[in-house]
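First chain A sits with chain B, and in the next complex the same chain sits with chain C.
For the complex of A and B:
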């Protein structure tokens, strides 16, 4: 009754005819829908397999890349490097990739940067590694973008990639910076973290730089160049590993959801089919009894 | 000042060139595996005033 009322409201003149046409069409429509959901499930399942394999490799690589990042941050901690400027010109580096369909890895990094820019965006520049962070940040803060690196994420990041980016970043003028990346914790979790960057000036004026022996300006300069590249490398590896693990979970969930949807659709499909058969039988029987 | 810096290289470039030479000097059976570590696909585009600065990108390459 209720249903009938709704149909009346939509199309009063030919309600009966419409309902008949609709019943036939839904059967077809449901089967088309069912097929497409099944295809999507197949795709997400194979994407999950692919990212599981890539993840295994990324995690192995990450173990080897960790010392690079830890070494560099340990140096900054021990020497107690602090920024000397009152209002430093800042540089934020977003480490993401070009590829989507991996949960919230990219938006997490972008959100962190947006929060920092929301406080003060006058003297801050942004470097985007990966198209995803670029497309998110471009909308609101395109003026702050200074360098974009793409073609990241198709292959596992190499040190040469990081070196190229570091080379360009070293040319930029900044007094303090942050590399914002996803730190891989376990297969199911990652956390947005940052690595600090300082200018040459801040490092050579650090209060405890004398902990390190026989440093002259040349050595510090070389080390700064190397540490920037190695921290980028570390951040890119961490990011790649989190991305693959997150894609794995995302695709697993997508397959599960598709499975649920398939169940529901199969049920409605069968019910509708039965209803059509029953109606046809009723029509035949009542037609026969009318004779 | 070291000679490589005088030639306009920075430390990362200098060490990459050195690493490349080491890879080339490897025995053939190890060289193939090492060559895989020696590729990079990243592309860089400088941005200015909210737009990609393509001409500068072409100039730097």
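For the complex of A and C:
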């Protein structure tokens, strides 16, 4: 019974909408719509311009940051560091930003994390850099979130930002981790990638660590703290560049779609106006002939 | 027996000359792949240089090609790079890491770096005096430690700029 009530309540506005769609759209309604679409197009166009400028800078910065990131990960590759634990406590770091309207940049990162959490979420913690990944992950996995950094994305990321986040992450306890970010490939493509993180324990037990000379725990610890910051910095730069390029494409598409819509609406507007004029003429003429 | 040896020897020589020349190309005979980057600038990427002197917390040391693999943490100071053509480049670094891998690749990653020639002496002096006043007014242990680091960087900056 309850259900019926709800359906009934929904039905009347439905009918009204249908009627309007069938051609009852008045000249006024169309012109209001046309105006709003035009405004939207203006906004998306200027957003595109802004992100194009930001993208150019982000790409220049990224060129500088790439050797830095590669340098930071080189040691872990060469020393063949692997996690030793059977069931390690994991840490996932999502590198996104606060701002949307940039295609699937943030949802791609969040999806990757969701997939990992779907396999096993008992011993996995998530650190979100940027509000977007938090708002996506919060609904299902709010108990896994331990740290959220926001105010990301307004300005290009700096090393200080990365160092602050790294400082907080260094306080957390984990045995293995991943930084999940968007790797920038070209203006039209990016790829969700990850950088591995290890615990001090895993590094000091790595098979090739013995080839490295004169290491003590203190050096490895400071080394790892710094390399965490530099990897985060690199990931944030990649993410920022992907985001801007993706926003540029998204806004370009939005402007194009708005253009199409404006064309259609203008056509409907002109037709309706003509119809109104014709109808009025007919009314006048038939009125005159009836006299 | 001697005859046998005599006829055998040319054959041996033939064998050895027909075999492709296997030079021990380990990739690090006397070359190093040197990467030097800071967060604000990249100086070298995979470059071949003669020698690199770095200041580290376990003491300053020079890196030549084929150095034993190690890790080190950079101290504020001047990194000196001797390039393959003999020229010398001095770069001031604030902090960072040095990685020397077993394939003779060397990565020096600095938080901030700047060419020594571009340092302004009076500005360096300012940094030092500011850090010293910060140290004097520091109350908590963390603040004090931070100020001490700033003073150390300032002192090294002044020394490098002099």
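By our rule, the second predicted complex is superposed on the first by the 262 of 291 C-alpha atoms of A that agree within 3 Å, B and C clash if a C-alpha of one lies under 4 Å from a C-alpha of the other, contacts with A are read in each partner's own complex, and residues count from 1 in each chain.
Everything below uses one rule, namely that a contact is a pair of C-beta atoms (placed from the backbone, for glycine too) under 8 Å apart; a residue touches a chain by one contact, two chains touch by 3 or more.
Bear in mind that the values here come from a model prediction, so they are computed numbers and not experimental data.
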**Message:** Is A:161 touching anything from chain B or chain C once the two structures are fitted on A? First, second, both or neither.
**Reply:** first
*asked:* Contacts for A:208 in the overlay, against chain B (first) and chain C (second): which applies, first, second, both or neither?
replied: second
First (chain B), second (chain C), both or neither touched by A:45 | neither
Please work out whether A:152 is in contact with chain B alone, chain C alone, both, or neither, and reply first, second, both or neither. first
Field: Which superposed partner A:222 touches (first chain B, second chain C, both, neither)
entry: both
Figure out whether A:83 sits in contact with chain B (first) or chain C (second), or with both, or with neither.
-> neither
| Just chain B (first), just chain C (second), both, or neither: which does A:142 touch? | first
Notebook entry, point to check: Between chain B (first) and chain C (second), which does A:70 come into contact with in this model arrangement: first, second, both, or neither?
Noted result: second
In the superposed arrangement, does A:233 touch chain B (first), chain C (second), both or neither? second
Residue overlap on chain A between the chain B interface and the chain C interface 158-159, 163, 222-223, 226
Within the complex, chain A is touched by chain C residues 35, 37-42, 45, 57-58, 68-73, 95-97, 99, 101-103, 105, 107-109, 111-112
Within their complex, chain A touches chain B through residues 129, 138, 142-143, 145-152, 154-155, 157-161, 163-168, 170, 218, 221-223, 225-226, 228-229
Interface with chain C, chain A side, in the complex: residues 63-65, 67-68, 70-72, 74-75, 78-79, 158-159, 163, 208, 211-215, 219-220, 222-223, 226-227, 230, 233
Touching chain A in the complex, chain B uses residues 1-2, 5, 10-13, 15-16, 37-52
